[in-house]
Structure formats: structure tokens, C-alpha cells
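Data block below; observations after.
Chain naming follows the written order as A, B, C, D, E and F, and within any one chain the residues start at number 1.
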């Protein structure tokens, strides 16, 4: 169950309206790595978890915080839009190129669709999609997904920090940066703990019988491009992070195997087979007869 | 530049057709973590890279291999579909429930749209979307994304391995599992190397002046759920993975701050403000007059 | 701020697993009118609201309940999937058409992607999209949208009720049906209260100066089809619900006006204008010269 | 059958080109509540209708009108784009910030993809999606959806009215506002008539045996947020709009029930179960042996 | 303007219900090349046309016919779904594998969302997307797009013809096949007429000054794969269809040019540049100071 | 298998940065007819091909070239973005409307998400979708699709050519224009060769027994609009391009047939049937009893 309290985790008070920036801020609300993504991702991971206890509690605990971040960003965006100019094109154009420019940089749906409100979209107006969510049931994979989400998220907030000089906006971003720092650290620590406790290991999934994979190529770096400096990396020689092998560098791919012959599906699918038309038709007729269609 | 050779990296020869399984296999071809995703992801990361040398070579080298995996899976799917029944509903229903069941489990677009060919979609027929791709320009974030992609990918291939007993299909999956093992290891090693060389560090992005984030909350685990066992994890006390702090456990959120008052945008956006209608209208009229609309 | 408590609003205990039904239940979790939609919709409406007080409190109050419904449905789906067969195609086909049929009716991503967990998708596997959300800032419009969402939602739950005979599943659906009954009633009551208080009125938006619309056609039912029985409805004669006019029935559309002549955009957009090619080219050349491109 | 006549229902003659406004106008052509949505929505509702007569005639009659509105808006957009500058970036930048600003506010696909033509997209360029359409077969639900669509649509047109001062554009919008006024009134009247005739009733669907829902919670407003003013609304006490109960206000949620224990799906799905790895592996091996995989 | 008549262009009367086939038939209603696509495509092409007369009349004339095809297919699908079993999973499973199989092959949204009605989606339930539409303003390109759409459409109808033995369904498909035959022929004839009249020519767009393209490579077939038989085709030697050159076969690509050095964007975007962290930070600080952020 | 070489097919060196143009150029990288589309389309067509030899070699050969075009455009876009201003809204607004205007015209995700890198999206930021790809297995249909793709692609490049005066950018576009000229010619030649060799013919699919289509309407141009000039075209009289008939002009549609009566699905789907509620309920109860639900 979720409960809502009419407070915010941190102050949301921009110094002045800025409709262009409001559009940009949509990215970390409704983008691929915005707050809706992490709120839903941690939610689904917790509801699908297969063990009670600390890992699931962690997912529950951070997941609900992220829902509050969704609310903070939506509130900030509405504040930034409060005094946005309506954008009468003609007038603006003739009188003030700066106002015209501002209009050009805003999200028109902020005004037309939401009446100066936040929207569940990214900075280009793409609606948030659940295709962004990862929840596989394997916690080592999923915590790595979470670490990545927090990294991408903090990176975007950092970039946005430099795109405004409004102290109120920066104050909120400063808070979000810190929470992303925490969450990056937490998912990395939790992933390590899974391995330390022997609950999961590399390669993911560690419960798959490793003997069933083609071990001959499990640690070969086969280079399909022509730059050779990748042979110098720690991923090309020495022990592997999973502790189960040694990296080997293969500077160019060995010969492949011939592709199987092209398929010949049922003639009633009318694919092109290269047989002259009358032959094909005769065959089709025969097959038709056979199947009494 | 990309060059194509009419060979496959590994044999693709199913023992028998299986249209139901062909549909499932679409997941690792055209799904969120399928081969199209990693091929495009490593491609865009390499084209956007800001430094020459080993990291970019690594991206180029694996990216091109993944394009070959797209081809192998597409070829396998076409093979599995070659003898798929057309699916005359009525006949199948009356004569053979097993055939009917098979038809129920297939992707109808395999027959209707592709004529027994592979499609750039997932196992539910959702077209592949570039919204799956991550390429931020920050290699520590992106290599973490890549490690996650290879984990999710190998997990899905492992699940698919158990869903067939066709030795030819399993042989290909066995090869793919091994390559995913390699790539998991490589991205983890490469992420570690970025840190070891001082090129990048935690938290991502490490080049953002950390003093500008709200350091008071950078290492607090604030628990927004009521389970307390998350306080026992290594993410709740002790040093943080970024080496810059100590975790602190906050069992429940401190009081928040009041939300700002609701916004009052331009009356011409016709939002509901709670003022009785005539007042609002009068205000609107005034504003209209003012702006000469 | 949102807080999570590790309890559910109602019991979630199916009597037996049913992976086919789990797929169907996804509709009311992640479909157009599923619980994610209403949770997000009421959230965005509250964050964008322009007046404090009872209407916004109502949105906050129900919105948080709906997040708990998301959780209940996700939990139910995971329960239903717990013992789902993995689906080895060949074996199933040969041995047991019933198992084969079940596999045909399941969502393959439940197993391959989520490892027997719930997903933020509908019953056809389409990822939830924020394109489903409505939050305009005009409460009369939005409460009507909410009433519709609860109607469509209850309708779908009712249909799903008949598609299972599992008493545990029906018990949860019975609870959800009742909550949808409540929420239908609430949004209808709230919409009426907006009008009773003079805060909003019909037609939406009532704050737009009605004299600026083309009043000649504001209450005409112009029939663009050839059935005439629609002329008998209460929408074709008598007073209008907005209290501002009388319906009038126009059995067939009056003559229209000629369309404007086709456009002739800049020749450098290379649209087809019907001029013979040499003329067009000469004009292009002239225009090129003029613009020095 | 549909027939086309080369006339428009109303004049479409802007006074001057305005490519920035053309982009905005796309919202009511190809957006969530644009004309394509209502044309398709009324179409599918009529084709799926289960009774002949006045309700279906109404759907047919308005549906075909809306197709004509699609045409009018597309024509208007093409007119507005006719003289749009091509947008040579560099030149524009150096010479005239106003032209530069205009370019910034246009939809680049108007020029690049459509050659100064209208497109089936919204004002942010999102392609129209059939995910916007509602057609459930239950007319009380669907007419409520329609009333909402006309409200949202008229609201957007009203906002757009204030964003231009072109008399030709305003003349068309004035016409569309009036038609939306009519259609709002019609769907509201039609929904009321369904109830008056006893064909449908609240709660939707009224044909579901109401005794099968959990009547204990059918009329409780359970407040999941901490603002208490929602208790003052007509939705918190007094008779309910469905005429079947009395509203009751529950200021905070009663205790919930414990969630079921986490699921333990087939080990071959490789989810994390918290068992140390060797145990899990042994179990996997045993299960493998069992299934001879 | 569009007018609707309550008749169908051809009879729609299946002999018996078939919910599995109803799902398949959705492909040619709401798929990439379904009737919605062509109706909207011809509509937008006509509204964006730059010349009056026969070509635009052709677009208007066929476009309206296609809207009627949308209606016929929706009607047929509703007929096929009329007696579809509801699909009580458990019962079906235990009693009758054939019924179970049928349920597995149906679209669950047909029942849950549309109450046994047609939907604007394809055979996998993907909502129709305006991303399928082509309307560029260049008629030679667009008529080629139309010819392709009619080819793909007829191909799909032909495949569907073999998937049913219901004489009523086949009767409708037989009609649609014939109309697609006509429309293929028409668009091919119309494309040829554009060239014959000198209105358009190859290569599209023929109004672009051809001297501005890099004529050295305009007719070279550069082979980026290793199969050599493509050198034998009429596309590898002899005159070109545009009548402006001679094909030339280049069996493997000439050497390329070096890529430009990697980019170094503003350090405040926090991309990885390979400079050790302290250096980067110092630079960042300097830049910060410079910009006073 | 695909191999990558660290070279480009043509030089990619813009004279100066231009972030606004970078956004526009995304169209031909990640739009409906961008390079990703053709690379994937030719790939899937080759992997699904049913005959070895020259046609498949052609697909392989061009497909791999297009992957290199993806790379060139991504590289160009990154170059154009290299020095893009970050876009501090407030500062820009106050100081320089031109800079403000530039910011308005850029894609905010270029900076926020990709750190000044290319993205797999179109010029409005819509992620590339595999819904753009066509690969049916019928080569005559698919080569027509390919000819169209190259026409639309060249048309877009031509339009983009006029939108910049940067000689470096134009140099690349000049190369791409030439390659598109070649590929248009090739697909047209290849389609003709399929017919000349008797492998395929019109109408597509030519292997469907033409006697099974409704030949009465195979060559009738039935005009559903009221303009009559389409009767003058070569598509309205004379021999048809498929060589199998004569066009006939039908100036207005013959009378249609009545639609079937509305459907009456299972009452448990709760659609509106027009029966007064008590009757319907009684029927529902009866049916419930019958099915013991």
C-alpha cells in the first residue's frame, strides 16, 4: 500500500519562470532514465522478488522515494511554466525576437494540452513508455540495471545543472544529484553483497550449468573491427572478473561456417523462390489440390 | 564502413521446424535486450566517443560482432518457420487439437507479414524501438549499461535454452551464452579499467564538482517503506563504493517541506482555479482587453 | 511524498496457478485503462492543480490508493505465474495438447523476460504508454475523463470476472469492482459539484467567451450519414444540457465551400506541381540564383 | 461506405502563413484528442455497436463529420506552411534573429518529410496512435469517453484561439469550437437517454450482478493522502449518483493484509531466491535430471 | 467533406464464427499495410497535393473507397467474434483442449477491451500508428509508395485467403484481392503518366539540379558483401532506368577515408575524454570560472 | 558476418558546428526513411530470402553499405554538435536573441541524453521503430518498397541540401544523393528483371490463382469522390500494366449491400444491446445459471 503526505522531500521554489527550461527538465521526469522509470522499475522488481528480506526491503524503500521525486519534478515544472507567455506567434515575431525565441524552445503541449502543467513525457515530448523498465527476477542483473539507471540519471541532472542559473532550480538539482550519488552507491554495494553471500555470481545467471555453454569461446575477445589497440586492455588478457577464466585476444575472426540454404516455405505464402512463374504456379496448383485448400 | 561476408559465426541448423519456438526466439533478436539493441548501442557509443584508442576499438569490435548475431538469429528463426503449418483454423480445430495449439502459440505476423521469415520484433510482436538504446558519451555509465544488457541478454538465452530440446537450437544458444559470458566480463573489466586509470570515477559523472551536490544526503539510506531489514545491508553502514563517504541508515523519512502554493497560469489557458465563474470571466475579459488578444 | 507499507489493501491469494489468466489480467494492470493509468493520471492532475482544497485532496487521496492497486495486481499476476510450465515446445506438443494449448495462450515475456513476474504491459504485451494519461488543468474535463476511466476499468474487470472460476482471483476482482463503483460515483459527483458551485460549467471550457464561437452551428445535429433515426433522440430537439440553447436536427449537411487552391510551396521542397519539368527547373534555377541557395 | 465531396464544411483561409502556428495546430489534428481520434473512435463504436437505431445512427452521423474536420485542419496546416522559410540555418542566424526564432519553433518534418504539408502527428511530432481510441461495446462508458474527448478537444481549440491573431485561422477555430459545444452536449444527452430508457445504468456495466462485488467498500471514500478537506465534498456523504448507496468518508485506510510470501518459480528461470548458489545449483541439477531437459 | 451511407461495398457474411481468424484479419485492418494505412495515406496525399486535377482526384477517389474497406473489415471481424467463447481458462483446459487451443490463438483484447468488437490494431495487437503513413508532396515517390502498399496488402490478403475455408470470408477476400489488383495497376499507371507528361522523372526528385550530386558514384554498384553473382544483374551493367547513365559494377569497395578525430564537446556535458580526472577537473573549473556557470 | 573498418566511405567534415542542422539531419539517420531503415530492411530481406544468387547478393551488398551510411551520418551529427552552446536559458535570453533562437531549434536530448552525440531518432526525437521495416518474402513487392524508400530518402536529402550552406555538409549530402540515385535505379531494374525472367509478375503476388479473385471489379476505377478529371488518366481506360485487362471508369459507386445486423455477443461481455436493463439482467442470470459461470 502507498500513502501520500502533502509535503515534499525538498523545497521546490524556482526564482523565476522559465518555460524553455521546464521542457528540458521533462527529461529527468518522463525520459528513458527519468524518475518515472526508476519508481516503476524498483516497484516491479520488488513485487516480482522471490525472497523476502533485505534486498526486497531495499527495493521497496527506494521505490517509494522515487515516486516522491516524480512529484517534486512535476511540481517544479508547473512552477517554471506558471508565467510562461502564451505565444501569440505573429505579435511575438514582430515585437520581440527574444520572446519568439523562447516560444520556439518550449514544448507546445505544455500550454495546449496541459494548460501550463507537467506531463509524463521526455524533453522531446515522447510519452513515457514501460519499455524502459527492467525487472527480470534476477537481482544481480537487475541491480546492475539500477546502478546504470542512477548513473545515467545523475549524468543528465548534472548536465541540466549547467543549463540554468536559477538558484531555486539548482537547489533542487543539488538535492537530486546527492540522492543519485547515494543510489548509485547502494546498487553497487547490493550487487557486491549478492556475490559475497553466494546468492548470485558472474556470469549472470550463475545458476545456469556453465558446462552447457560453448566454453571454447567464453573468454575470447574476437575483434570484428580493424583497430588493434583494444588488445591492450585488461579485457584482452589476464584473469576474468567472474574468476573462471583467462581473457584471450583474437585479432580477427576465424573463418565462419556457410549459411544454411535458403528456406522454401509453403508455396501458399507466395514468397519469391526463383522458380519461373509457370512452374511455381503448377506446384501451387498441385499443392492446392492436395490440401483441397 | 561495414563489410558483409556470406558466412555465419556459428552453425545455424535446427533439427526440426518449430514455429512456436521461433516466436519465442524473437525476444533475443528484437526485444529490449535483443541483439539489435546491443549492435546499435555499441555502434552509437563508438560513433559518439570522445577519445580514440582502446575503449573505442572495443566498442567497434564487439558492435560489429553483434550485427552478425542479429543475422544468425534471423537465419535460425527462418529455419524454424520453414515448415510451419499455415493454420487453416477450422480444419485444424476439427482434426487435431495439437496443431490448433501450435497455431495458437505462433506469431501470426510470421506468416501473414513475413511469409515465414524473421521480423525485427520481440516475442510479443512489439517492433524494436531505438528507445532501448543507451549512448550517453560517459563511458563509465555506458559500460555499466552494457554489462547490464549482456546480463539480461544471457539470462533470457538461458531461459530459452530450457524451452527447447532441439539439439541444433541448443547448439546455437550454447554459443550465444558463451559470447554473453565474454561480453559481461569485458564490460565489467573495462569499467574497472576506466576507474583504475583515473579516466572516470564514482559517482558518475565524476567530473561534476561534487561540492555542488547536497552532501548532507549523499550517503543516507532513507527508508520510505516499513520493512527494516534493509538496514542490515552493506548499503546501510560502512564505507561507500565511491570511497568518498560512509553509509548512514535513516529508518524513516524526516518531515518534508510544504509544497508551494498551486500555480495560477494565464487565464486564457482555461484551467480550473476555483474562482466562481463570473469572477473568472471578468478577469478573463480584463486580460483579453489588456492583450487585445 | 509517498510512503509504502508492506501490506496489501485486500487479500491476493489465487487457489491455483493460471498463466493464461495471468496474461489476461495484465490488461487491468498495464493497459489503456489499467491501474497504472489511473495512478499516474490522478497524480499528474493533482500536481498540476491550480487550487488547493477538496478537489485536489480528492485527487491525491484516490491517486495513492491506485498505486496500491498496481501493487495488488502485480502480486496476483506473479502468484498466478508461480507454477507455470516452462513450455518445452516439442515435448508438450507430443505428449499433451492441453499443456500445449496453455502455452499458446500465455505471454512468452512473462517467462523469458520477467522470470514468472508481472510486467507493465497490457494483455497483448504492449508496454504501458503515458499517451494514455489525461491531465489538462481543467477539472470538469478531467473529472469526466476520470469517470470514463473508471467505467472502462470496471467493465474490463467485470469481463475478466467471467473468465475465471478461481475463487481467490474472483475475490480480488470483487473488491476492485466495488472500488471502481465508488470511483465512478465520486468523479460524477465531483463533476456535478464543480457546476453546482459555479467553478466550471458546460461547455468546457466555460471560461472561453462563448460569443467568439460560431453560435449558428452550436446546437445543430448535422447528420453526415443516411440513417434518420438519430433525429428522434433527445440530442436532436429540446433544451441542451449546457442550458444555453435548443437542439436542432439538420437531416443532411448544407452545401460546403470550395477548398482553397492547392498550395505552391518553395520549389526547393521538390513537391509535384504539375508544371512540365523544364519549366519547373528553370524556375528552380531562378530561385536558386535569387537565394544564392 | 464513405463518399467524398470536394468541398469543405467551412472556409479555410488564413490571412498569412505561419509555420510556427501550423505546428501547434497539429495537436488538434493528430494529437490524443485531435480529429483523427474522434473520427476513428466514433467509427469503431458504430461498427462494433450491438443495436441498430438512433444510438448507432448518431455515431455514424458524427463520425463522418469528424473525417471532414480532419480534412479541414490538414488543409489549414498546408495553407499556413505554404510560404514558410526553408530555414538555411547559418544565413538566418547571422541576418535575422526573428527568422531564426521562427525556424526554432517549427516542426522540421513539415519541411523535410512532408514538403510543407500536414502530417498525422501531434504538436510534438508524435505519430497518431490508435492507442488513443476507445470503443468498448458499452455505450454508457463510450459516450462518457466521447463527452470527455469533446471537452478536451474544445479546451485545446480554445487555447489555440488565444495563440493566434490571424482572423482566418480564428474563423475556422470559431467554427470548430461551436461543433465541439454541440458534440459535448450530444454525448451528455445521449448518455442520459441511455439511463432514462433503462438501457444502461450506473455503475457501468450495470448488467454485472452487483451482488458479486464487495459491497462493503462500494461507497467508501478511503483517503490515502493526509489532506482532509476532501471529506467536505458531495462525494463523501449523502446519496450516490448511481442511486444505490450512501457515500461514507474513511479518513485513513484501515490496516491492510499481509502480502503473500514471495513466489518460487521454476528454478530454470534463474531468478534470485536467496539460497546460496551451490544449493540452488544442486536443485537445478536435480530438476534438470528430472526433466531430462 | 465525407458522407457515410449505411451500406457496404460488398457482402460481409461469414458462415461461422472464428475468433482465431478474427485476430489474423486484424492485420489487414490495422497493420502496417492495412486499410487504415491506405485510407489515411491517400487522404494526406490529397490534402497536401500542390496541383488540382486528375492526380488529386485519383487520390480523393481511392482514399474514400479505402475508408469503406476499413468499415467492411471491422464489420467482418465483429461477425467472426460474435459467438467466440469467453474463455474460462480452467474449465476449458480440463474439458476440451480444442477450446483451450482456440482461446490461446485469440486476441484477448477482442473480449476484454472491445467486448467482441474490432480494434484499430494489427494481428499482434499493436495499435495502428501514423508512422506507417507516407505523404511527401512528391507524387512520383508517393505513387511508388502506394504501389508498394497495395502489393504488400494484396500479398497479405492472399496469405489470409489460404488460412480459412469459410466461404463467406473468402468471398470478401476475393473482392479485396480484386480491388488491390486494380489499385496496384492504377498507381503504376499513374507513376508512368507522371513521367510521360514530363511532370516528374527519375531519379526522384527530378527537380533537384543533378549536377550537384556526386556524379562519379551515381551509377556504381559497389558490393559490400562477398557474393559476386549480383554482378550479373541488369543493375550492374547497361543503361540505367533513369536514362541518364550506365551501370558499373565495382566488386569491392575502394579504400575509404579516415574518420575525423573524436569530438571534444563542452566539458560540462561530462563525456569521457580520456584525460586523467584531475586534468579534466581543472579544465572544468577553468571553464566554470570563465562562464561564471 | 559483418566486419568493421575504421574508415568512412566519404569524407565527413563540416566547416562549422550547427546544432540546429544536426537535429534536422537526424531525419535521414533515424527517421521513417533514414539510413537505419534501409540497412535493417535490406538485412531482413536478405536473411528471409528464399533463393540464393543474384537477388540475394544484391540485398547483402547494398545492406552493408547502408550500415556504413548510418555511421557517416552519426559521425557528421556529432561533428555538428561539437561546439554547440549548452543553452543556459536565462543568460542567453538576456544577452543574445540569436543564441536563444538557436537553442530553440536544437534537440534538447542531443545535449542532455547524448552529451553532444548522435541519436537513433528522427528530427522530432521519435525513436527509430522497426515498424518502418518491410520484408515480406515476395521480392517484387519488396523491391518496390525499396525503390520507394530510396525515393523518399533522396527527396529528404535534397530538401536538407537547401537548408545549409556549409560546404562540408553539402559535400556529404552530394555523395548521399548520388548513392540514392544509384539505389533507386537498381531496385527499379531489379523489379523489372524479376518480371522479365518470369520469376514474379503483376499483380503481386502473381502466384495466387487469379481466378479466385472477384474479376468483375479487378480493373474498375470506382470513383468515391466527386471530381471527374481522374477519368482522363491512363488508369481509367486502356490496357492495364499487368497486361491482363482493360481499365474501366465507373464515375460513381454502384449501390452497396445492406450491412449485416448488429452482433449480439455473450451477455457476459456487458455490451449495450438496447434491451431494457431488467430483460438483459434476466437473460444474463439465465446464462449465468447455464454456465455455472
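Operating definition for what follows: a contact is a pair of C-beta atoms (placed from the backbone, for glycine too) under 8 Å apart; a residue touches a chain by one contact, two chains touch by 3 or more.
Values in this document were obtained by computation on a predicted structure and should not be read as measured data.
Novice: Strictly by the touch rule at the top, which chains does chain C share as contacts with chain F?
Specialist: Common neighbours, chain C/chain F: A, B, D, E.
Novice: Between A-B and B-D, flag the pair that has more C-beta pairs in contact.
Specialist: A-B is joined by more C-beta pairs in contact.
Novice: Over half shared or under half: which fits the residue numbers at the contact of copies chain B and chain F, same or different?
Specialist: Interface between chain B and chain F is built from largely the same residues.
Novice: Please work out the Cα centroid separation of chain C and chain E, and write it as a whole number of Å.
Specialist: Centre separation, chain C to chain E: 25 Å.
Novice: Please work out the Cα centroid separation of chain C and chain D, and write it as a whole number of Å.
Specialist: The computed centroid separation for chain C versus chain D comes out at 6 Å.
Novice: Can you list the chain D residues in contact with two or more other chains?
Specialist: 1-9, 32, 48, 53, 55-56, 60-61, 63-65, 68, 75, 78, 86, 88, 97, 100-101, 103-105, 111, 113, 115-117, 121, 124-127, 129, 131, 136-138, 140, 155, 158-159, 162, 165, 205, 208, 224-225, 227, 253, 256, 263-265, 268-271
Novice: For chain E, which residues are in contact with chain F within the complex?
Specialist: The touching residues are 5-13, 32, 53-58, 60-65, 68, 75, 78-79, 81-84, 86, 88, 111, 115-117, 126, 129, 131-132, 134, 136, 138, 140-141, 144-145, 147-148, 151-152, 154-155, 158, 161, 170, 174-175, 177-182, 184-186, 188-190, 192-193, 196, 202-205, 208, 210, 212-225, 227-230, 232-235, 240-242, 245, 247, 253, 255-260, 263-266, 268-271, 291, 293.
Novice: Of all residues in chain F, which touch chain D in the complex?
Specialist: 16, 18, 20-21, 23-24, 27, 31-32, 97-98, 100-105, 122-126, 155-156, 159-160, 162-166, 224-227, 253, 256, 261-265, 267, 269-278, 280-281, 284-285, 288
Novice: Which residues, counting only chain E, touch chain C once they are in their complex?
Specialist: Interface residues on the chain E side: 1-6, 48-53, 55-56, 86-91, 93, 97, 100-101, 103-105, 107-109, 111-113, 115, 121, 124-127, 136-140, 194, 197-201, 205-209.
Novice: What part of chain D is in contact with chain E in the complex they form?
Specialist: Residues in contact with chain E: 1-9, 30, 36, 40, 43-44, 47-48, 60-61, 63-65, 67-68, 70-71, 74-75, 78, 113-121, 127-131, 133, 135-138.
Novice: What residues of chain C sit close enough to touch chain F in their complex?
Specialist: 155, 158-159, 162, 165, 268-270, 293
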